[in-house]
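Quick one: the structure is below, questions incoming.
Chain nomenclature is as follows: A, B, C and D, assigned in order of appearance, with residue numbering initiated at 1 for each chain independently.
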């Protein structure tokens, strides 16, 4: 009784429940025959949302107003440049990954420079940055689609023991994130900064350093996600990240992270990512038109947050 | 005589390879035209996001800048009418292509999107006389090209009732979105005989289907190189057969020449039609050879082509 | 005592100065813009953005953020181009219902203590879906009176300028001078104290959201008046534009610090920045990036002037 | 003798507000355990008690913000069934809350509009300005506050002045009962004096006041009757003449012995210099083991100096193994507590470096150290894992103290940290400070309370943002500090 009760007080439980209900409703159409296929697909595509979502979650934890809108553009730039560099050669996989990470670092640096040096609110700073990054992506190869190296393409599209490889990568990143948040000083610091920046400063926390690292982390995760996605879908496209703007925010908040900052959780990201994929699949499966589908998606998001967020305090 | 005339390209989106190819073609053809002194300038302008309001502002700026003609790929067939009307009132020639506008004072170089959708089903009916289930991949909801092609496909299904649309997803013309949407609906679908697309989503669908143990259906392809290449591989390996329909991005150059002809005082009908680009099993290799790696199958137009199109419309 | 500018006045001086600088640059690049017609062309599309910015600003005044603004304005545009023209009574009812829904959202967000970002994110799907249902393909037509209103040519100044001034003044009266405005900003500053003074927070939040809904509806109608027809995605950009407009105009995300006149100026600045860029004729590869750069420059200007303000205060 | 036997029928009839047997609990915490309190017209009731005794809670009940789970509220002999904020305000009940309860983003005039609901209609700005200015002039003559300024631009003392004036202001419904919950905590002596004088005038004119303060002499000289609370109950209730300082402390159940200004003069001028700073005015320097006071009128630059010292000595970019300074906040809502966190996490945040290995937090050590400090400074909570907000204000402040003292930083900066801390706790903290100073820690202490300043070895007096005087040894006494504080003004 009590453990169950305590489980229901976890902020992330609702996204998992919602994901499960939607999954169940979807497989019922085929009386369960699609269970395996659907689960695998869900794990595969949720993985990308999880990776970008975790980065976004760290940023959102920094407190009200902190958000990274440059995620899609960073994904695109990292994907295009890395694939161009690798040029279908298996030997270049590691340099490609390195370049993607460096791009993430540069974008993160740019973001924080704008936020700190020019005091531009993060939402606008990262938006402006994303325009520049997007232009850079266009400029580098004018939208030509280059194929990923065969080993990478193979790796990202196959499974190990029935679990998609990308999902395993996302799981490892989630574990790292969980560890950072729960067990390290850094995790305490970002939570403290999210609750009150002046208080964090006066408690001796290196506020700027911590925020800087967090923006770097988010941008690097976005570029890693872009790298993987480009390999998974057989080449980088200029618009490949656009979906992940709303997605990265939605999975964070549906997952039970406080939008007002200071409180985050990793399991919720998974629940929410699975949910966001499954809900579209469910509505597609039931053959609903685009209009109805959008309305249902919206209403479901609101109901989940109503169930989950009713009692928790939040600024917004 | 148009050597003193200035032409602007108003483009609403640059975020995919088709648009990039379109801009490249424009740059190539108009660059030569400017050098040859045919026109004084041919500047391309692009908005950051696919938004009618921003493009309307862009057109209004072009009016201020004193261009003589505006070549327009519109974000919306109707939402730019206000701005287009103001341009016309200012004595500017407006030629729309691909994404055309309904404002009567503008010229339209249109593709018959409905016919494009219908022809896909017609093709399938030849390959699959017994019919079967179809999966439809649509574009971006609320955009008119999506609505037109889809209407054509549904018309085709009515014409060939042996087909049934078993599922329909929106791929937003982005191949990763298409891949995701298809992967999500696929487990719940019965056997699929064919996939009808709007061009550009074929490879994503193929990827999603390849990830399952289903038999590969006939996927109608678009004109991106990766689609054609995949088709070629399948053709070589297991004599896979399909076709590809699309619009050549080089149509922007046709629009350029048409605008130039109008400026030159030629009588041109308001509605011109360009054929869509179709690739079949037998001319796949030639087309693939002409396509840049990672690019889009393309056709560029010359002044003579434009004159021919104008003449034939009369 | 030395003369001291109030912080409200300074909050306004900064965006006004950015706008002036940008306008000077545009006139220098394109002298043709310096005319009745030219100003109208430069600014008329800023009118709906200004209205949407005011709507966003009201939501921000009570410490919330509306991520559904763009979708909602698109929805209103669809209603305007269809029902409001063909069946005005039903059209008006739908729009009134939409405003009521906004007010209801304000209540639900407060009562259930929900993050407004998520609720409005969800609502953006709902409005988008409704818009697609109304207009699966672009179309419809603006009612004649709307078209007339947006294209009328008043003497002296073009409609775009007149409308902007009227919007700024009305919003200023509502938000900065009226009791309701004080109440809304008070909630943004310290909700608990407003509650302790015996006000109904539910009522105040409902009015704030309702008012925001009203301005957003006006934005949708004005937009259709300019474009003559609508589509389901017509104003999606307005979400970010409106937030950027509020910030450019000196507003802040939390704490109820907003400035309606600043917000209108912010919207004008954003629109003008776009024009400025096209007059510069940058290579198409970098046209998108330049939009980011100009946002950065305008905001950096704000920072510079903010420093001045601080120095002013310290004296 | 106006309030004789509590509970007589007569009293209930006359009482402005009578709370009978109020019980309130927050979860497991019994904040009020059957409190009966009456306030007569023309009477000032002093309310004292240790931190967490329930004073603020009874205030919330009277003010209508909290409905007691049991018990009743009556006014003018009439039992009020549906008592709420609006009913209370309609009866002239006004409240000054401990924490800032004005809206910082809007002007004083606009705040007045919010406080007085019925003020609306055309031309309200003019009326509101008149109301608040009249009241400010009455309570704090010569205040010099412009009512069109935004509250956020005011100093903390000015805000408190506005808030007090707001409570006494009359916009049609005259204030009958004004509740002051620690109103003087940020005011310096002269402003506090002005306020207390006004309270007496208000009482003389027939108004009633409930006055809560941890500064006992204020209570003793201002209140007519003193109610002592302890653990959610009233434990003593007598006319003010019936108490003296010692008796009051005893009634509150504080065991700590009183030490009034016993300060052994220590010779530290040879101790090594540990910190120096070029402030405005005289140079600032601190030696190892010194307790340095920052005195002067409130808001004259003391906090700014502390912030500057902190900023100069701690890095914003890189973590530091051995920070030189640590900070105890006075404005705990603004820069003290982390509201989402447990008490333990709030406590340990500043010393995580010592509680971790290679960036990994050692949960066991964190808990041990937390338990240790809970015992040392008696944080009243059953469990350090409870949320920090479940503590009363004074106990939260103790946690902030523990946070700073638990670090290894040799210099402790204190920004008027004893605001709202009860007498017993204060004595304990003073003892700890002395003990730590003896071991070589340096304390730099801004305080608005003279008793505290007198505990310091050396005092810098501030005036208009600059250090004007340095006092040491026997010169550290009330007369010379006050003289130094007003030096500039007299000139």
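As a convention for this text, a contact is a pair of C-beta atoms (placed from the backbone, for glycine too) under 8 Å apart; a residue touches a chain by one contact, two chains touch by 3 or more.
Nothing here was measured: the structure is a model prediction, and the numbers come from that model.
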Those chains which touch chain B and also touch chain A: C
Interface with more contacting C-beta pairs, comparing A-D to B-C: B-C
Centroid comparison with chain D (C-alpha atoms), farthest chain: B
Euclidean distance of C-alpha centroids - chain C vs chain D, Å: 43
Centre-to-centre distance between chain C and chain B (centres being mean Cα positions), rounded to whole Å: 34
Computed distance of Cα centres, chain D from chain B, in Å: 71
Per-residue multi-chain contacts in chain B, two or more chains: 14, 23, 48, 141-142
Touching two or more other chains - residue numbers and ranges from chain C: 131-132, 136, 287-288, 291
Multi-chain contact residues (two or more partners), chain A: 131, 134, 138, 142, 258, 290-291, 294
Interchain contacts (touch definition) - all pairs: A-B, A-C, A-D, B-C, C-D
Residue ranges of chain C touching chain D (in the complex, touch as defined): 6-8, 177, 179, 182-183, 185-186, 188-190, 192-199, 255-257, 313
Sites on chain A touched by chain D in the complex: 183-186, 188, 191-192, 195-196, 198-209, 212, 258, 262-263
Partner chain A, residues of chain C touching it in the complex: 63-65, 108, 112-119, 121-133, 136, 240, 243-244, 247, 253-254, 285-293, 295-296, 299-300, 303, 306
Contacting residues of chain B [partner chain A, same complex]: 14-17, 19-21, 23-24, 48, 138, 141-142, 167-170, 172, 174-177, 179-181, 183-188, 203-204, 207, 211-212, 224-226, 292-295
Interfacial residue positions of chain B with respect to chain C in the complex: 11, 14, 23, 43-46, 48-54, 56-58, 60-66, 76-83, 85-86, 140-144, 146-148
